[in-house]
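One structure is given below, encoded as structure tokens.
To keep things simple, chains are lettered A, B, C, D, E and F as they appear, and every chain counts its residues starting from 1.
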Amino acid sequence: MTIKLPDLISKAEVLVEALPYIRAFAGKIFVIKYGGHAMVSDELKESVMTDLVLLKYIGAHPVLVHGGGKEVNGVMEKLGKEPVFINGLRVTDEETMEIVEMVLVGKVNRQIVSLINQKGGQGVGLSGKDANLLQARRKGPQPPADDPSGEKVDLGRVGEITAVNPESLQILMEHGYIPVIAPIGADTTGESLNINADHVAGELAVALKAEKYILLTDVEGIYRRENSQEPVFLSSLRESEARDMIRKGEINGGMIPKVESCLQVIEHGISKAHIIDGRIPHSLLLEVFTDRGIGTMVVR
Amino acid sequence: MTIKLPDLISKAEVLVEALPYIRAFAGKIFVIKYGGHAMVSDELKESVMTDLVLLKYIGAHPVLVHGGGKEVNGVMEKLGKEPVFINGLRVTDEETMEIVEMVLVGKVNRQIVSLINQKGGQGVGLSGKDANLLQARRKGPQPPADDPSGEKVDLGRVGEITAVNPESLQILMEHGYIPVIAPIGADTTGESLNINADHVAGELAVALKAEKYILLTDVEGIYRRENSQEPVFLSSLRESEARDMIRKGEINGGMIPKVESCLQVIEHGISKAHIIDGRIPHSLLLEVFTDRGIGTMVVR
Amino acid sequence: MTIKLPDLISKAEVLVEALPYIRAFAGKIFVIKYGGHAMVSDELKESVMTDLVLLKYIGAHPVLVHGGGKEVNGVMEKLGKEPVFINGLRVTDEETMEIVEMVLVGKVNRQIVSLINQKGGQGVGLSGKDANLLQARRKGPQPPADDPSGEKVDLGRVGEITAVNPESLQILMEHGYIPVIAPIGADTTGESLNINADHVAGELAVALKAEKYILLTDVEGIYRRENSQEPVFLSSLRESEARDMIRKGEINGGMIPKVESCLQVIEHGISKAHIIDGRIPHSLLLEVFTDRGIGTMVVR
Amino acid sequence: MTIKLPDLISKAEVLVEALPYIRAFAGKIFVIKYGGHAMVSDELKESVMTDLVLLKYIGAHPVLVHGGGKEVNGVMEKLGKEPVFINGLRVTDEETMEIVEMVLVGKVNRQIVSLINQKGGQGVGLSGKDANLLQARRKGPQPPADDPSGEKVDLGRVGEITAVNPESLQILMEHGYIPVIAPIGADTTGESLNINADHVAGELAVALKAEKYILLTDVEGIYRRENSQEPVFLSSLRESEARDMIRKGEINGGMIPKVESCLQVIEHGISKAHIIDGRIPHSLLLEVFTDRGIGTMVVR
Amino acid sequence: MTIKLPDLISKAEVLVEALPYIRAFAGKIFVIKYGGHAMVSDELKESVMTDLVLLKYIGAHPVLVHGGGKEVNGVMEKLGKEPVFINGLRVTDEETMEIVEMVLVGKVNRQIVSLINQKGGQGVGLSGKDANLLQARRKGPQPPADDPSGEKVDLGRVGEITAVNPESLQILMEHGYIPVIAPIGADTTGESLNINADHVAGELAVALKAEKYILLTDVEGIYRRENSQEPVFLSSLRESEARDMIRKGEINGGMIPKVESCLQVIEHGISKAHIIDGRIPHSLLLEVFTDRGIGTMVVR
Amino acid sequence: MTIKLPDLISKAEVLVEALPYIRAFAGKIFVIKYGGHAMVSDELKESVMTDLVLLKYIGAHPVLVHGGGKEVNGVMEKLGKEPVFINGLRVTDEETMEIVEMVLVGKVNRQIVSLINQKGGQGVGLSGKDANLLQARRKGPQPPADDPSGEKVDLGRVGEITAVNPESLQILMEHGYIPVIAPIGADTTGESLNINADHVAGELAVALKAEKYILLTDVEGIYRRENSQEPVFLSSLRESEARDMIRKGEINGGMIPKVESCLQVIEHGISKAHIIDGRIPHSLLLEVFTDRGIGTMVVR
């Protein structure tokens, strides 16, 4: 006989560990910001979409918000138009906005929906215009990020969210669909606006009263480095500690906006925000269905 | 006193005429193929979207299917790629397909949704990939339209519909949204396919058991020209007559595919198909809520 | 071709004007006091019943309250009994009450229900006894209307409403029926009482939380006549102005009780009360489905 | 202590006997033809209405159909019009019809509804016009009852039922009301017709799929008198026996139409028809809630 | 004819008396403590179970709580184990507890369920462990009942109720079942505890918001004996009077805990508690469906 | 950092394997025959009850049927009564039946329910009498199992199932409870009957249209031993093969009734019957949530 008892026991342990979470998360909403390496590697793309479909299988409701800056740059170049960034924000004139919308909605979003369908799920792509999902307004001129008193620059059609109408997402989720959101909004005149995908994900998590807000990143999570000792991995981080670490510079660079996005959703009543390593296959499942989770969880 | 009795009586007559239709059409589905001049003139665009929103107001369920060939050509030209047509069908290589999808889904569809929202409705844009709405396969090489025995040409990623999953449309309609459909499908491997918008509209009308199938065109309707006499406008046309007129050449040119699309939905159980003049403001309302209707109705 | 574009545009305008009202009034209740010329002319009778049926068609809920004094007088005379009025109120002895009830419930109400059925609706006639709709008590001796300190007269079985049980009306309305109410109530011993039809309509409007209270009268509405100038028609009148005009005598005679009935329902939370000209065919439709309405609207 | 055990046991026995019927009849419909002495005696009137209200209390659905010939005659006489009968059927000219409708709907029906309300129930009076309950047509000229080949007489506005729309009764019953039906119908032009109350009750029993059809009469039930022996009371009678007894003349006179009405409902699928003695107080309760019942039951 | 009118009238009176109660008690819950002679006599057992089934027939929801001390003693004796009581409470060691549970759940409860089924009902037996119905804890050492300051005795596995989860009873009742409860609870470790059946019945009455709490006893009810006069039977007793009579010794012996159990449920919002004579056949029906009831009712 | 990637990948694989089953089994019923070593070892008892509770967590509906022969023998011996078996069947006289019922319902069933509650579930114990779950009749005299033509022996109160009323189980399952069934039935007179637990489980599986029928045994499953070679473990076995192996003696001894029980449920439309090794901890979970399952599956 070929079944090995230790393997069975090990399998049984994973199941005993996972099943209570499965029950706990039935009907719960998970808003996932999708980006980084997990959006580039074909293997990781498939692993993320498989995880979404499995989450849906067991009765949870995943919602995916995607970016797509690289794809936008690619099409802009083909059209002979050079991307311009100020302080990391894309300067978005009329023509650029048209390209951004075409690429995010008509290309990147399409590929994700198609892959979800291939994995046995039913994706439905939406942008902020559909069902008036995201109402927005122009951000207006902004000072340089590193010099708040510096000269302000008008980024054009870059928007910030003024209202969220999440009913359409709820209806789609309840009927078995996985919403895939492109971060484009519209102002009251119907004009398209380019919105930061982290912000969109955070606002949707709050509007949908999500169980969890999960950021798929290219780092393991957050480390504490005190006194030049061996850095210590933090599986959980309180709001106050996070603010402290930002102030002390222990959290820095590209990690700051990720952590701030987590802090924002927590302040609005979402109990858990996770920064996880999108480079690990099935990182979503591991985060959701194991006792330790992976990555760093920011909590109140 | 300034109220004029004749005006009141005239208003009352329009209402007495319209109200029974309003009752009859509550909860009924209207699939509308949107194209031609009504998609170009800003005034007509607004008039069509107003009509859709009013139809929704009174409890009917409009579904819009749009084309967008001119917009595709425009972007292709900007990208330095020349549109190629054989027998009126766009030759669609991989790169063209990507552009078609970006433009129809990411631009044309976006503008329509945005305008519906501006008029007080709630549009939701979908392509055939969303919720697996349209499953399709490549059409394969086709002979020239005017020479069925001529050499066949492979049009590339041009598709024909193999299955329709209309549940997502029904859910969206029941919850108050107006679905706006871009005519893109996917095959079993998830590959995008370019599909004729008339076909998409016809197949959706059948799958949704639509009350009416309405083609917005640039003609008044169908005329009969017998013995070089004054042409007679036909407000209604039986299936057999239509086939007869095609055979005799009384219906010809660009009108043939329109009429054939009507004949196809009628054969599949839809009781009424209308070819109407999209150049008249509020042509949809006039078709639906008046005794005579406008344009030509094809019936069994 | 025989369709004239200006006619179409004019029709479209009426529809574009009416459709938002149709949506707004779905499921809303309209209590209509039916009387005057509209209850005498065969053409107007048919026009009123057609309007009720059309209102029902589009999902609104009309409720009709009728009078019938002339018919009562007719039967009384046949029975050799002379009608007696004091201050415009019918002196109602036992025998008169029996005749009033027979005529209003067994004749006038029957004719209205029958005509509604003929027009394609489903009328259900009720008096205040059915389902305990109207509980009432004797008004007791009343002073002359024009001399509050004059000698009081006992009018016999003339009642005033003490309680309304509108559940039966709601049930009938929800199931597609048009309730037609004869203004007869019963006291706690089951004794029949003759009640003023305007009061019945007003109390029902309040109990049903009606959207509109509409009085079909034999005048165009209310005019303001200042300084012997050309009288100005008032399409809308505020509560305070109305009271002012009554005090100043600008509203007088038979118009006073009509306006007071409007003021009463407005005080109890009904937002709009309308005095309209029942002599115009389809006056109900015109009031409900046009921007200007007809007649005079009394508002808070 | 004052409670006597034998009395308690006797009470308990009645309850043990009645309770299974109470369960069995929950939600069941009883159509009762009300007439004879029970409609004259004040004590019996109150007893019948109490029984209806108690039946409603325990979840059964009584429907009452009443006649009222004596009351009609009374009013006709006051109006100086002589009632004319041919073969026991009232000759009903236009004027008579108007009086019949006024009296049955506006007087008799009103008194019954009022008495039901007094007993704690909620009566709703209806005639065949309400909610199109009874569609009818003129019977046309009839031969004398005792001479089928004799000269036919036109009875005027005497009708026979062509269709029953019982939905309104079902809705009213389900919402706790007791329908009280006056036997007046309308033809397709809306003209009133005078219909035999037994026929109305029988047709309603069939249309409502009543559990029981009960005729309140002025006899104990049916007796068999064979060979001039002591007559034997029949508590139950098969369809074939009943026909036999009519043929042999053992059932005769005014009893024939009663029995024929029972036979008619039985042929249309109603399992039990009862001829009971309306002169016994609470005869309805005793029929429904005791093992033996009272009166004669006609069965298939 | 063999039907006697006086008998009919007498039957009718019982029905007229009972029917309003039948309506009033539809859907209401009756918690019945079953014990004494009614649990010994075969005839009374059948009468009680018949009453439960009839109550269920008419839409009421009876719940039975039983004891069974004699049966427990019988099995203990067979197992060579002597029952020990201190102050009337069974000393319950581990082994005794096992026997108590086996006998109450596996024997007494089974016989009741079986008899309910035989009478046409559907019994479902439960103990406090099923669906966590009764959570309990050990009572701990108790002083003698007649000497509160005497030496405390540990009664072992005798429990008192800490929480009631009545959902399972509600579900079973709503689906037509009659719950039959054995008075065994479990503590937080799952250990079985022996609980007084009167307490269980009282706690369930409170948790279920019962309409009535009925104690089947071996006495007629409560008498007042003042001044050595003829004792007066009390059909109703106020809370304050009851406490007074206990204080004065007018209520004494085995009657004290019965009355106290009634007082307890009344304090927790149950409006009526009844001590009735279980020796009268159909005592439950007579209590519930007659104006006077039987036995003594304790009220607020 | 302490998280090891290979462990994560291994965990992820178990989850990816299990999740589709979790979805597939939501709302599905599993009937489990509980017996053998898993009913003796404290560790295995806890593991089985944990598995039941986890199955319930994820939306499946487990139903447990238990035996308990050893416990019955234990109590019989204490009562000085010797168990008698003929052909492996317990001879069940009146007294033995009473003991069997007391022990299975009042002891074994109680312990299982209590342990389910301890593990976080909500057990509800039932025997065949509750809600008339199992109707049965005496089996009557049986020949020896190994000699069908031998002298028949009357086993007394040993029953076979004549009807199953599974509604109560469905109601309990739907409301979150885990039914635990003792294999006792009742005949039409209410007399208790001792029924084989495998038969009870099989009949319930069929009546409940269970997804799976699982026998917890003390063997790994079924082996094929051909030509004295190494025995081959069979993870799946077709009906025809199973019958073949029984005929050839490859399946023998105590395995025959287990396999026959599986064949019986398969014949009645249950698609899968499993003989699994109850000695492996969490054997239920491993059977249900892994691709290979454990033990031998008998299929059509």
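As a convention for this text, a residue touches a chain if its C-beta (ideal position, glycine included) is under 8 Å from a C-beta of that chain, and two chains touch if they have at least 3 such contacts.
Predicted, not measured: the structure shown is a model, and the values here were computed from it.
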| item | value |
| --- | --- |
| Minimal step count in the chain contact network, chain B to chain E | 3 |
| Chain whose Cα centroid lies at the greatest distance from that of chain B | E |
| Computed distance of Cα centres, chain B from chain A, in Å | 37 |
| For chain B paired with chain C, centre-to-centre distance based on mean C-alpha positions, whole Å | 47 |
| Distance between chain centroids, defined by C-alpha means - chain C, chain F (Å) | 74 |
| Computed distance of Cα centres, chain E from chain C, in Å | 61 |
| Per-residue overlap in chain C, given as positions that touch at least 2 other chains | none |
| Overall pattern in which the protein chains touch one another (line/ring/star/complete/other) | ring |
| Chain ring listed from chain D, with chain E in second place | D, E, F, A, B, C |
| Complex contacts: residues of chain F adjacent to chain A | 1-3, 5, 8-12, 14-16, 18-20, 22-23, 26, 50, 54, 57-59, 220, 223, 233, 280-282, 285-286, 289-290, 292, 294 |
| Chain D-touching residues of chain C, taken from the complex the two chains share | 75, 78-79, 98, 101-107, 110, 113-115, 117-118, 122-127, 129-132, 167-168, 171-172, 175, 177, 186, 189-190, 192 |
